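Taking it in order: structure first as structure tokens, then the write-up.
Per-chain residue numbering starts at 1, and chain names A, B, C and D are given in the order in which the chains are listed.
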């Protein structure tokens, strides 16, 4: 394991501390319960609380700030924070308009965020609602399983809900538009290497020089198939085809695109991926309203990428374009 | 070599195309001479042209935009663009106030940018000046060698000069403040892995699981020494000590900090590095005006990081804080 | 009993994580260990007068400290067992069957896993069944424990051929076939460890050694 | 002559890059190859009537196409040689000495490298010296070429013990000791190749084969 760390068990806390030290006038850390909040929370807007396991940086704390989240709760690497942590974050960002939890659909996250919501509602009368992001089309959706997992599309949900909350919308409205975003966002990813969880110290999976894992999530879990590594254009074609077919997106649709790096892949390669993805969308008659390229939802040091499409309408477009000022996502 | 690319010889062009397709209303590409310009250049401000070899993404094209560069010229991976390319970029962004070239101090870059400046001056009467960034303290400075190389500190020079140009300063003034920034910026980096140049297909250097290269540049050239990989805190201590001693920075100074990832290192580790760096600066009595953490000047897929300090005064602080709207650096 | 589980969880951390790496994200060992090492740290302060209070305290700590899915599942299981144990001082086979039954119920309520979904439930259900049978047959505790551990182990081994339907492993679907479920294996290993410990332990009263 | 150099550069791309990987950034082979393959592509269109025009065209293409330090250095060298060649049709040893001398001067003017700085200059200077001596001694061209190539090779080998002072290798300082300079090795290999080719070639007039 080659990492710029001290001890594996200190990774999350030191990362959180390093982050608030980088942005001391924007972020604050609760070191005991490990959540990061805006320095000056606004108690007159719906509070947005998200988070999950660590290892997805800049997610989720990088999206705390004006126009996006109010708090991000940081679990251990790839492990949901406990319900106590989430509960404390809910209380710390309590607002007169209530709180929306943006949860990625994982067994652990759902159980812990739901537990926290219940406590906050029952013990403290906080008005708490939740949305569950499940954008990964690699996973077959089914009532009889854990269902689809939430991956990079979560960033769009943060942005949309965050803009609505900042505009003063009430909790049901913020929740409704967040759910609309969830219902219209789809992602798929692939990995060229495994990541290495600090506490384990060895790569989660072994993979040959010529191979890739197609359909991976963001926790180093293997994907849906092991295949020969394909050229960028082929990867883009396959990903775009899978996404378009899923919603389905149709000719004439307008979308936002996120070409997301998984942590170990440089921007150069993401742009090469976008070069083809963007042509394919044009060929399919899909209008690209806005493209984001970069490391937004990562999986530690994994080399790989994902592509996310969000189907827009007038409302979503307006919210997507609204200003945001967080440490990892900023637009005027 | 595991990369999301098509053919090695297409990497630079496809990357440039993927970039302008991501930001079509902000950037334009000259595909023949491979330079990226602002979509709507402003001919009434000093034009800033930078660039160099590719493989440093988001540098340099990511810094093209309001408040920073007007053009970035993209050489092959790690190879300076030719003087013809630079020359064409100078002409394409010609302004009534003249042009400043921001060159990283490498033999190839200096020769090609200087050649281009000469052509533009002599054949086209463009008022061209140049500054040479040489912030890497790993390299001993000497009149008898190529001197120090330019690394991540270049981003601060882009920002400072860019803000001055945007404010309408004339060429001598923009050049002077850019040189002031150059004289006050210092960097040092280390690598945990080598990068792999696409055209070569194998890592530039071999390195054992427990080793690092200390004092590396941004082109995969080995550093000044091969050593056992140290914990993050030790890396931060050594880097900060080397930087402070060099300028030297003194108690009471105010600085901007850039904790920069080399491409393959996730943000998580950069924050851990910043956690200690930031404490060390405080202990040394250095005030941190602003911190930037992220992949700003990379070396393809190299795992590693660099730390940069810029000594501020009132003027530099104002320019650093001025708004910028580029695809990789944005502040209100 | 819990003391032995704590030791085992800490001992087997790497093994549990390696099992999770094959079908999940490789943190199961670390997640469990985090909560159980907290148990060890705070061992002296835990209320040991009655079984219910003790198990509840364990459940709260585990729920708060274990990350991921394991926190709520194992924490909930301990708390459910606590309720069933109430203020019991000694446990017979029947009591134990009830405790474990309540624990599984809690896990199923929280995680919605059925038998065959390739989760820890697949080790727990056979263990409960075995305990219930042995209680009806009035077998001694040690023998019943032995049978329960064997049943759990068998159940855990059987998850090898299942397709995961719950938790992170469900994303891998068919690809999980051939790998046992880490949670189920942990249940088997822990019960086996508890039985072996008891076999060699001097005390035969259950609450003597929590 | 240039045709043979083109072939060699393309043949040796990986070798040149590997040399550069040890002391620089590993792109020297690719950088040179890019310009020289352009030469091959546009070979038919290059003006071949007189040597000066031909070399200048080569220099311009190399300068424009080769990335990094190599473009300006090699491009400038070819253009300086072009000036010296003017409209010569045939080259004697003396002419060749002058051409190469002008080429090195251009390289030193652009790159500011002295002898001993561990650059291509350390292969070129001995080659020029050898040619000048052989011209004075009125040796035949083939023999002079042989000696020049040997001198260049020896100079290139000698860079192995030097500490780099110019170019990207200078950052490695003492760590470059033990590795030869890629540019110097390329000069040696190319001159050697040109000599060997000429030895076996039928034509003995220099401009017959550019």
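The criterion applied here is as follows: contacts are C-beta pairs under 8 Å (C-beta built on N, C-alpha and C of every residue); 3 or more make two chains touch, one makes a residue touch a chain.
What you see is a predicted model, and the numbers here were worked out from it, not measured in a lab.
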(message) Give me the step distance from chain B to chain C, shortest route via touching chains only.
(response) 2
(message) Let me spell it out: compute each chain's centre from its C-alpha atoms, then which one is farthest from chain B's centre?
(response) C
(message) Counting only Cα atoms for the centres, state how far chain C is from chain D in Å.
(response) 75
(message) Could you work out how far the Cα centre of chain A sits from that of chain B, in whole Å?
(response) 29
(message) Between chain A and chain D, what distance separates the C-alpha centroids? Give it in angstrom.
(response) 55
(request) Round to the nearest whole Å and give the separation of the Cα centres of chain A and chain C. (result) 32
(message) Show the residues in chain C shared as contacts by 2 or more other chains, in ascending order.
(response) none
(message) Please output the residue numbers of chain A that touch at least 2 other chains, ranges allowed.
(response) none
(request) Using the contact definition from the top, classify how the chains connect: line, ring, star, complete or other. (result) line
(message) What's the complete list of touching chain pairs for this entry?
(response) A-B, A-C, B-D
(message) If we count contacts the way the header does, which residues on chain A are in touch with chain B in the complex?
(response) 2-7, 11, 14-19, 21-23, 54-55, 57-58, 62, 192-193, 209, 212, 229, 231-233, 235, 257, 259, 263-276, 278-279, 291-293, 295, 298, 300-301, 303-305, 325, 330-332
(message) Can you tell me which positions in chain D touch chain B when the two form their complex?
(response) 14, 17-18, 21, 23-27, 30-31, 34, 63-73, 110-111, 165-173, 175
(request) Over in the complex, which chain B residues touch chain D? Could you list them? (result) 53, 75-84, 106-108, 111-112, 115, 136, 138-140, 144-146, 149, 197, 199-200, 204-205, 217, 219-222, 224-225
